[in-house]
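Can you read through this structure? Questions will come right after.
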Amino acid sequence: MKLINFEFLKLRKKSRGWLGPILVFILIMTAFPLTVEILNKNLEQAFFSILWIATLLVMMLATEDIFLEDYNDGSLEQMAIKYDSLSGLVATKIFVYWVLIGIPISLIGALYGFGITRSSESALQILPILLITTYIFLNVFSFGNALSLTKGSILGTLITMPLVLPLLVVLGKVVIAINLGISFLGFLFLLLGILSIIILILPMIISFVIKAHLE
Amino acid sequence: MKKILAADNLCYSINETKLFQGLSFDLFEGKAIHVLGGNGSGKTSLLKIISGLSKPTRGSITKSNKKNVCFVGHKNALKQYLTVEDNLSLLEVDKHNDINAFLKKLELSKLLDVMVASLSYGQQKKLALLRLFLNDSDLLVLDEPCVGLDRKSQDILCSFLREQKEEKKALIFSSHISLDVDSEYINLDKAIS
Amino acid sequence: MIKKFIHQFASPKTYLFQVDRAYPYIFYASLFVYIGSLFWGLFLTSEDFVQGNSYRIIYLHVPASFISQSLYLAMAFASAIFLIWKVKLSAYLVKSIAPIGAVTTFIALVSGSIWGIPTWGTWWAWDARIISTLILFIMYLGLISLHDSFTDYEKADKFLAILVIVGSVNIPIIKMSVEWWSTLHQTASITVTEKPAIDASMLYPLFGSIIGFSGIVFCLVILSSKLQILLREKNKSWVKDYV
Amino acid sequence: MKLINFEFLKLRKKSRGWLGPILVFILIMTAFPLTVEILNKNLEQAFFSILWIATLLVMMLATEDIFLEDYNDGSLEQMAIKYDSLSGLVATKIFVYWVLIGIPISLIGALYGFGITRSSESALQILPILLITTYIFLNVFSFGNALSLTKGSILGTLITMPLVLPLLVVLGKVVIAINLGISFLGFLFLLLGILSIIILILPMIISFVIKAHLE
Amino acid sequence: MKKILAADNLCYSINETKLFQGLSFDLFEGKAIHVLGGNGSGKTSLLKIISGLSKPTRGSITKSNKKNVCFVGHKNALKQYLTVEDNLSLLEVDKHNDINAFLKKLELSKLLDVMVASLSYGQQKKLALLRLFLNDSDLLVLDEPCVGLDRKSQDILCSFLREQKEEKKALIFSSHISLDVDSEYINLDKAIS
């Protein structure tokens, strides 16, 4: 509980940390119609591509110094001394990021979806997908950033991209399902399944990786 | 006298560079050890091993109470973008009552609303030392705690350390300037093979 | 027990001496097999009805594609051993496989692209298997750069092993990609359970080329792991004797 | 001259700095077809949107610590003491970023353009546009980052948004021009004009901003 | 004797906090000034003003040769991700011949291939001091140059500073430990109004 409060305080006060990614998301979603002129049909078709890629990128941006800052200023050291395993801390951190960045972006994404597709149904379908996806992305990118902790986030990106690309494929399928009106519940459960495995395993691996970095 | 820490035949090497070899010592409650050695002799590495952050290449460390270590290193563990007050609230503190007394002693009480980034070097170090002052650990591990402190703050630190020794805490620290604390010495310059 | 056994068996020293003895035989045997199947495939078989002569690049493309995935599996296996039993040798192996895997994947990509020009009329398609091969290639690059970016070898080994294992979730995806998506690319024409879908005159040389190519790559892996061992254990006395 | 060499060395050795953004670009461009399934027609239509937005984002990523790193480790201090004005340094830095990141990305972007639109003509038309655009983006984002140097704030992003959005509109028009086969030279000159003004003025402003930060 | 620096009635305040007021002094070639003062008394601020990084709130600084200042501060200006060798190549150096001699003296010559990030605290500081050692400026401004250095390196630094004084350079430095260099003192604790 204390951990959650701490992480909330830290992330909230660092406006670049949480408001930044959200603004970048809005920027992308706003900018994109500008680039396709006002041929509205194109707009709708490209919308989902942009939505997924924007989500992916913004989660990538958001996690950029999820551990780096704490590593650089020595807080991680202190935590590692205090606790045997850091996986609780890691899970908390990711959760806080999800609440402060993932949820707002999911809501905004669904809102844009409503604005562009003009169908409240598809907007409602996107929302849970986005909520789950952002959480998965946050976990995976955190893993990448943990591995490349001292070496810069981009190495982390390079490492994790192969892991998230398959997810994008699934998301692509979701869009088709939504467009064709096929039930998308199957995908929802698939994503939920992936998420639950990831939530269980990744924080432990990340904690292990971070400990190794601190040596 | 209780043994807080026993180091047995510690060896540490990085990429085939041997820093120290066959280092054995005991640390009892109420005692202090001052780790000496030139730059790069392995003081920080040794202290990290003792606090449990890294593992020795060979040899073993036994601690009486694993979880009760307070480590203050080169890195301050402060959030530059938060105010002094917020940083204090992030500190996990055992002695809540003493906070204000220490802030006053260290002349930080007027700076509560200032961002840590705009504090002076020594003021940041003092803030980091609060972690030590407000903590109730049995084993205090300090890596050059005096760096950047003025005379007055150094005295506060030393008298605090002496108090802690009387309260049966065990101390181990590295420092290039001598501290006014009774202690045994370990010289790492001699431990290099 | 197991741990002790593995450690004894997998000491870099024993490995090196064993490998030195076996290596020439494997190399020449597989070279022979590969060249033999190439000869068979290129000169002794007839033109494909649909694809003309261009299909002959299959003897490079399929072995390379096959081996690039197998190498990854081998790495995953070695990584697991390294993480569980702390066997140094397997860490060296992982490190030495990575660049070779990258090269074979690259060969698969390039040969596929070349093949695509006459058959699909394009050198690139946004096709699931092609993209997943590209992902594999990127993964290899990521692994290499991860290891390279650490000067402390012990850390580097640990991180590399973790990443290999986490990344291995992609292998089934690559394997299955052709079945899951509607694509341009061939589905597996050689499977264990079903009758092969291609003519025997192509099948046997293809088999041979896969085996031969794998053998050659295997030898490359041995060479590179030798190099790795000598590099990493250069301060050990036996290495000095060996050199 | 020495300055250029130094900056080259620094950026080159920091693989996260230059190889990173390029890889992210490649990954976005590669990932995007995954999200639209293989309905190749959609692909082509969304391609340019993705291209511009990817360029924008990657330039944003690339400049993220163009000054921050030097500020944090004290190199900027040293430079400020040595030179009266930092605008030479700033211009050099941006130039080096452009050579090491902007140019490769332009080439790769054009290559993707060729791969997707299958028209070598439009690929050749994209190339100069991309070259100029990346340079403009780098300048503008450097300005934003200089502004928010110490505060870890999103001030920079906020301020650069209104500067960048009009550019995206122009880029959208360029696409239409290319698609309809209208001459795009007008746009090229427009962009060149913008670029030359920016190159002249922004480094001076940035230098001024940085000096103020160092006080 | 040439006057290298003249400070006239310097005042500096941040957000209504006055750090020093009406500070006037001259610095001649071949002389040294040691700036004293507790943590947060404004030493770093003063030295930054002198080196031209910031401007005083009131008062003026006159330097004989504006461009010729060497400043070594709390920040090391090292690239953590580069090796020692690459960092050296980034250093703009006046005395190329002396590099190896100094590296040897400071025991850094064996570490040329090591990334700066893995050097010890003191080794990094020594590397940062090379900027000073290899420089040919008239005015040397040092902000706590001794922090984290072992005894031997401190001596090397001090003897270098004494040499520089003989070569008619002007020095101004802050330090909480006393350096073995003849110098005048400015005490900022007294300058606070």
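Chains: A, B, C, D and E, in written order; residue numbering restarts at 1 for each.
The rule we apply is simple: a contact is a pair of C-beta atoms (placed from the backbone, for glycine too) under 8 Å apart; a residue touches a chain by one contact, two chains touch by 3 or more.
Nothing here was measured: the structure is a model prediction, and the numbers come from that model.
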So if I look at the partners of chain B and the partners of chain D, which chains show up in both lists? A, C, E
Using the touch rule from the top, point out the two chains with the most contacting C-beta pairs. A-D
When centres are defined as mean Cα positions, the distance from chain B to chain C in whole Å is 50
Quick one: report the Å distance separating chain C from chain E, using the average Cα coordinate of each chain. 57
Chain A to chain E, mean C-alpha position gap in Å, rounds to 46
Separation of the C-alpha centres, chain A versus chain D, in whole Å, is 24
Which residues of chain A are in contact with two or more other chains? 14, 148, 151-152, 155, 158, 161, 165, 169, 215
Please list all residues of chain B that touch 2 or more other chains. 14, 74, 81
Provide the list of chain C residues touching at least two other chains, using ranges where the numbers run on. 128, 131, 138, 145, 149, 151-152, 181
Which part of chain A faces chain B closely enough to touch in the complex? 2, 6, 9-10, 13-14, 69, 72-75, 77-78, 80-82, 214-215
Seen from chain B, its contact residues with chain E in the complex are 14, 37-40, 43-44, 74, 107, 118-123, 125-126, 144, 147-154, 176-177
Which bits of chain D are touching chain A when the two form their complex? 14-17, 19-21, 23-24, 27-28, 30-32, 34-37, 42, 45-46, 48-50, 52-54, 56-57, 60-61, 148, 151-154, 157-158, 161, 164-165, 168-169, 171-173, 175-176
Partner chain C, residues of chain A touching it in the complex: 143, 147-148, 151, 155, 158-159, 161-163, 165-166, 169, 205, 208-209, 212-213, 215
Once bound in the complex, which stretches of chain B touch chain C? 14-16
